[in-house]
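These notes open a run of structures that come right after.
Paired with subunit B in one complex and with subunit C in the other, subunit A is shared by the two complexes that follow.
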Partner chain A sequence: MSLSQPAAPATDSPGFLDKAWQRLKSWEGMLLAVLLIVVVFNAVNTPSYLTFGNWVNLFQLYIEKIIIALIMTFIIINGEIDLSVASIMALSAALMAFLHEKEVAFPLAVLIGLLAGLVCGLFNGFWIAFVGLPSLVVTLATLIAYRGLALVLVQDRSIGNFPVWFSNLGQKPLVGGLPFALILFIAGVALAIVILQYSGFGRSVYVIGNNKDVARYSGVNVRGVKMWLFIASGFIAGLAGILYAAHLGAMRGSTADGFELDIITMVLLGGVSIFGGTGSLWGVLLSILIILNLRNGMGLANISGEIQKGFVGVLLILSVLAPNIFGRVQESYNRRRRLSAAETAEA
Partner chain B sequence: MSFLMRRFRPEQLRVLVLVGVLVAILIFFQTQVEGFVSPRTVNRLQTSIAIITVVAVAETLVILTRNIDLSVGSIVGFAAYFVGTQLSRNNDMSPLLIVLMAISVGGVLGAINGVLVSYGRVPSIIVTLGTLAIYRTVLVEFSNAQTVLTSRLPEWLQTLPSINLASVGSFDVRLIFAMALAVVIIFQLALTYLPYGRRLYAVGSNPDAARIAGFPSQRIVFFAFVLCGALSGLAGFMFLGQYGNVTVVAGQGMELQAIAAAVVGGVSILGGTGSAFGALLGAALIGLLEQGLRRMPQIDEFWRYALLGFLILIAVAVDTVVMNRLRAIWARNELQMAAGSDQATEQEKPAHVA
Partner chain C sequence: MTQSPPRSPRDGPIFELRGVSKSFPGVQALSDVSFFLNPGEVHALIGENGAGKSTLIKIMTGIYAPDQGEILLDGQPVQIRNSMEAQTLGIAAIYQEPMVFPDLNVAENIFISHADRGPVVRWGRMYKDAREILDRLDVKLDVRQPARGLTLAAQQAVEIAKAISLDVRVLIMDEPTASLSAHEVAQLFRIVNNLRNQGVAILFIGHRLEEVFQIADRVTVLRDGRWISSAPRADVTTEQVIREMVGRQIDDFFAKTETNRGELLASVRGLTRDGVFSDMNFDVYKGEVLGFAGLVGARRTDVGLALFGINPATSGEIVYEDKSVNIQSPEQAMRLGIAYVTEDRRQLGLVLPMSVVVNVTLPTLPRYLNRLGLVKRSQEAATARTYQEKLSIRTPSLNGEVGKLSGGNQQKVVLSKWLNMEPKLLILDEPTRGIDVRTKAEVHHIINDLAAQGLAIILISSDLPEVLAMSDRVIVMREGRQMGIFPRDEATQETIMTTAMGQVGTANGAGLNGQPATEGGSADSEVPL
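Presenting the complex of A and B:
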């Protein structure tokens, strides 16, 4: 009789408050709490912090990195890594600038720059998905190689003089106070969440990250998924590179040098495991917000950029170390409790 | 054939191939650049690869255990700057003390990495990505963005880069290169003959098996990071000796160069294979290529970097494909030999019984 009555689960399934508590104890909950602390702290300390202008500014300062962080989330969940993104940014922008200097029509130059990013991603993907080399090594090599190609194109010059509409695209608000890149980022977030969390492709990204062999034996197209991810990564990095050139108004050989570490830090702080298979875009979004607000707050409080970098480094290590220590303390506490329970039972 | 196969393992064959490639590159540049194979090139090569060789050996120790250390560049810069400031304040410090100080500064920074990786159970790529930034930050703050100047350094350090240990004709053996060579030899011997060295390979090729076999994996990995830091500290001292002027960005990006040299030299990023000697060969190969390309006037100097990247990729690709094939052949051969010796004993047995 009790089987035919499904309407009384309230006693054994967790209630709403319990669920909320569980959520809060998860990684995302912790990040949310940290974010709130940072925001409140900033708001109390600097009056200009909570203005719309400051928030647009805050995103705009790191907009290229956070756009790439979205695709990097896919790649790391997939169990791979792409160190070459910053070099692809430079190469795409360099090719565009080079063609512009050679008086190729500017829209065509932009298009070829974007295409270059795609080809770079294809090249990475080929070695990783089809030859089967570790992505750490492949993208380390192409990190050097693509940067080198960018240097070949622009040498030690700085190429600027882009058309006015292009510089405006990177520097001026487009619609309702929002610059183009920020609109692109918001659209990208929506798209990425739908694909990663709610689509079949997203599931296969997770499955492959969890166990590549199991995924292959279950009929998931491992090579195809990896290939698409690296192509997308290359294309998006190329796009970000061109946006960066528009943002700066000029392009040098060393443009975007070292961005890959910042991007990877954002993703890992978001609770994505470096070994793949776990993590979510929600976590990464929260970690992006935390890093942006922290750096913005520290910037407003006149703390140097170098200390900000170090602080993010500390945060990155703590983000993995703290749960480890917490887990171990809890484990030993549970063990002791079991032991004492067993003793009392014996007595 | 099988006699040869018993004498050489694929890994040793690989070193031979690398030497072959080195010679081929030498011959190629000799045909392109007039008088390339000359004492001058050799002497230049020595100074240009000495520091990176030491860092590559350091990186090798960590990569062998299936970890990675991205913070070596920051450690080199930190040690160089730290020792440089001490020396500019007090010129009378003895050279030995200075070297020891550099090594211990590096060792302490490496120990921080090691504790976090092996006892804190944080993946090495995360730890060292963090400390890469942290050590650099501490350096920048500690220094107030001032530069260590050559003119403030004692006499003996200023002349260090030009000291020759020995000269054969016009071939010199530079002191700084001899130091690097000593590091390579010591660590090659240690990796081959000391129990600790073998354990590095054991932990890297199969961490679970190593743990079940009762190796103290955590301690082994911890000491790998300490040694890596200490060697990077030594490289920092060499950096100070070679360049004199040390800014806060000293050693930046060296981690990638060192990993590149190690990987070209046959150190597998997946742990368990590689040697100190291989790291030296990798560094030499990259150094030689840079030298050669720099002296070919028809090649734009900016091509060097791009070619270097593709070279690393090709080296790793060929390596993976060819080495897998070779190992398969070796394994089959061993299997056949085992089967053969089984048959032999079975044939002998009845005779014994009879």
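Presenting the complex of A and C:
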């Protein structure tokens, strides 16, 4: 091609300080600042806070939720939502416990429980990706249905008596003082960051979340991506459900009730837009750390659970408001600058 | 062009535009347009795509404010600041697709804008009044019937009744017959005649000249946003009107250089998508630009979308590289080497909040993945830089949001993303719409170069001089049908426009009847915004 003059060279090399400042101004930067404040505040107030044991504890308390928050980040960035995760947790655990009670070999019961999660995700994905129903409606329906199935299986009983190795897996440290689920979470974070932020699949997740139609018109396999996400979400929720049963040493029909809302809160607070397309796992990771440390700190300071919940709620509202307020302040600042520029020009 | 239309008759026009101009960034949509409407007169407004008809309607209904000029109602200057004010002044518009509320009944739809009748709905009175209005129009409809089940023609009647309930004095009808069958057109015209007899001034916009000549008392032609002529129907012929419509200047157009036609790439036989277009027959050769001309609603875009697999054809055959193919998805089309540059780059062409790099490599992303499926970012960036230089994309940074670039540069990013696929058949849908003159010339250069390299190009464009200058052959479509193929030396503005307006054959919307404009269909707006 013989085209006209070359374009101006790209000028995207701001100084290091500029870059650092840009980062800090971003959502992640703000979360990092908030996290530091919380950590310093906790450390000053409670001596036992900065111990290894407390930090393991702090993760262990929410471990199932934060594992699911990782896949939920993918789903919300993709422009969808999965409300059924907590019900899948219950169903997988219920199926496992039910089979265990019926004296099926325990490893097989675990495997079938995991598989059930996968099938639940497949079912969600089919309606969303192939039939084209909104995920909000589909997963709201399956939230009810899967929970119902779990209740059918265990009724109002509490099933426990799991093998000792299983309960230990959920409660005792496995390697270097870390419990199994926490090791799983750390590995999961690394894997999720690589996939979402650096892989071709992750790129598709963002593109579809920003504009499905452009993705389709560009030959991106929109259905395939959505299908995989919901299958993964179902499987991971099932896994988390089984971990939760091990963690508690027993399960009942109401296990994990309402967890989906805490999970979605973590993701949204991490700067992921509920409309899809923007946000990152870095932000979600920071928001998880903020919520865990905040609740841990308040717990150590003997603040009641109800007040802790209220606090997280306020935080979420602020997190939704903040970008709007920033945007408006910025806009009015710009407008004022333009106006004064115009005045100078006139004068 | 500054000569004004003949002065008004003695009783004076009801509505008048004097020297109205309106421009949008990069486009002078209307310049110095003057004309008037008399009471009890059907006044037809005709012009090519982009002649300024839509802008004119939007000024009359208060959606746009004119940059210059006056609007007079009963000889008094008025300002129409929004559609509510237009309504108060007695100006109403109805469109090709009626805007009724499907779940409300006929009477409720007619009185939807009456908010002044107190807190309680007096149903009896509403039904009685609705019946009276419909009687005045000589329309037989059950006023309690929900609008959902009505035919398009009946829905239009409801819209007209709605206008009458607001004491309309000036009624604008924007291509009201485009989706109607011949029988429904006759019904509509009976209503129009009734309105005319009741002293309403009607501005009728239509693409079918035979209908325009059947209903209009006077005919005004617009071209390139300028007033060309106004004359009583009896004093003009269709040939004359067409000549006036197309007399555009072919200014600064890059004419395609002659290239040797390469071998046959694809043969399309009897291609049909039910209810959208039918029986398309054409061949596509390497190194050839095949133009698609037609008016708004000709369904050219839908043919492109069928070839690209977005809205697949329902019958007919495509032979591509000597093999019969049944294209069902964009992925499949892309594997065959077919690329489609959409007419709607903001909604369908680019992920606006993402970077130039991401957009350029979107269709070809699998090429930029390593064995683990991770994106090779430096290679991606290198590709984007190559196209930045080749097509001179002006952007401060390749990592910046593509949505912040100018329209012309955005269009170059869309072109880059498809050229990088190294397609064999490139479908360009309105590739120069809404971009500045300079970029437009650059795009024409690109098209020419690509054809010289042996690419087969389908160029869908509503810009008639562009199609004529750039194409080796031109297919003319009208309402979903192929009206003819013209070799370069036979394609003149007059022949194309005469064919596009269907001077042979008549309104037969049978296949289209009741079909709303489909997604991604040819909902061409006339002014790039």
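Simple rule for what comes next: the second predicted complex is superposed on the first by the 334 of 347 C-alpha atoms of A that agree within 3 Å, B and C clash if a C-alpha of one lies under 4 Å from a C-alpha of the other, contacts with A are read in each partner's own complex, and residues count from 1 in each chain.
Basically, a contact is a pair of C-beta atoms (placed from the backbone, for glycine too) under 8 Å apart; a residue touches a chain by one contact, two chains touch by 3 or more.
Remember, it's a predicted structure, so these values are computed and weren't measured experimentally.
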>> Quick check on the superposed pair: does A:A145 touch subunit B, subunit C, both, or neither? Answer first, second, both or neither.
In response: first
> For A:L70, is the partner it touches subunit B (first), subunit C (second), both, or none of the two (neither)?
Replying inline: neither
>> Applying the document's definition of touch, where does A:L268 land relative to subunit B and subunit C: first, second, both, or neither?
In response: first
>> Taking the superposition on A as described, I'd like to know which of subunit B and subunit C A:A93 touches: first, second, both or neither.
In response: neither
>> Let me test your reading of the model: by the given contact rule, A:G277 touches which partner, first (subunit B), second (subunit C), both or neither?
In response: second
> Can A:V131 be said to touch subunit B (first), subunit C (second), both, or neither?
Replying inline: first
> Quick one: subunit B or subunit C, who's touching more of subunit A?
Replying inline: B
> For subunit A, which residues belong to both interfaces, subunit B and subunit C?
Replying inline: none
>> If we count contacts the way the header does, which residues on subunit B are in touch with subunit A in the complex?
In response: 68, 116, 120-123, 125-127, 129-134, 136-138, 140-141, 256, 259-260, 263, 269-270, 300, 302-310, 312-313, 316-317, 320-321
>> For the complex, give me every residue of subunit C touching subunit A.
In response: 310, 330-331, 333-334, 340, 342, 347-354, 358, 362-363, 365-366, 368-369, 372-375, 385, 388-400, 417, 442, 445-446, 449-450
> Of all residues in subunit A, which touch subunit B in the complex?
Replying inline: 127, 131-134, 136-138, 140-149, 151-152, 155, 253, 261, 264-265, 268, 274-275, 304, 306-307, 309-314, 316-317, 320-321, 324-325
> For subunit A, which residues count as touching subunit C in their complex?
Replying inline: 1-8, 10-12, 194, 198-201, 203-204, 206-207, 210-211, 213-221, 277-278
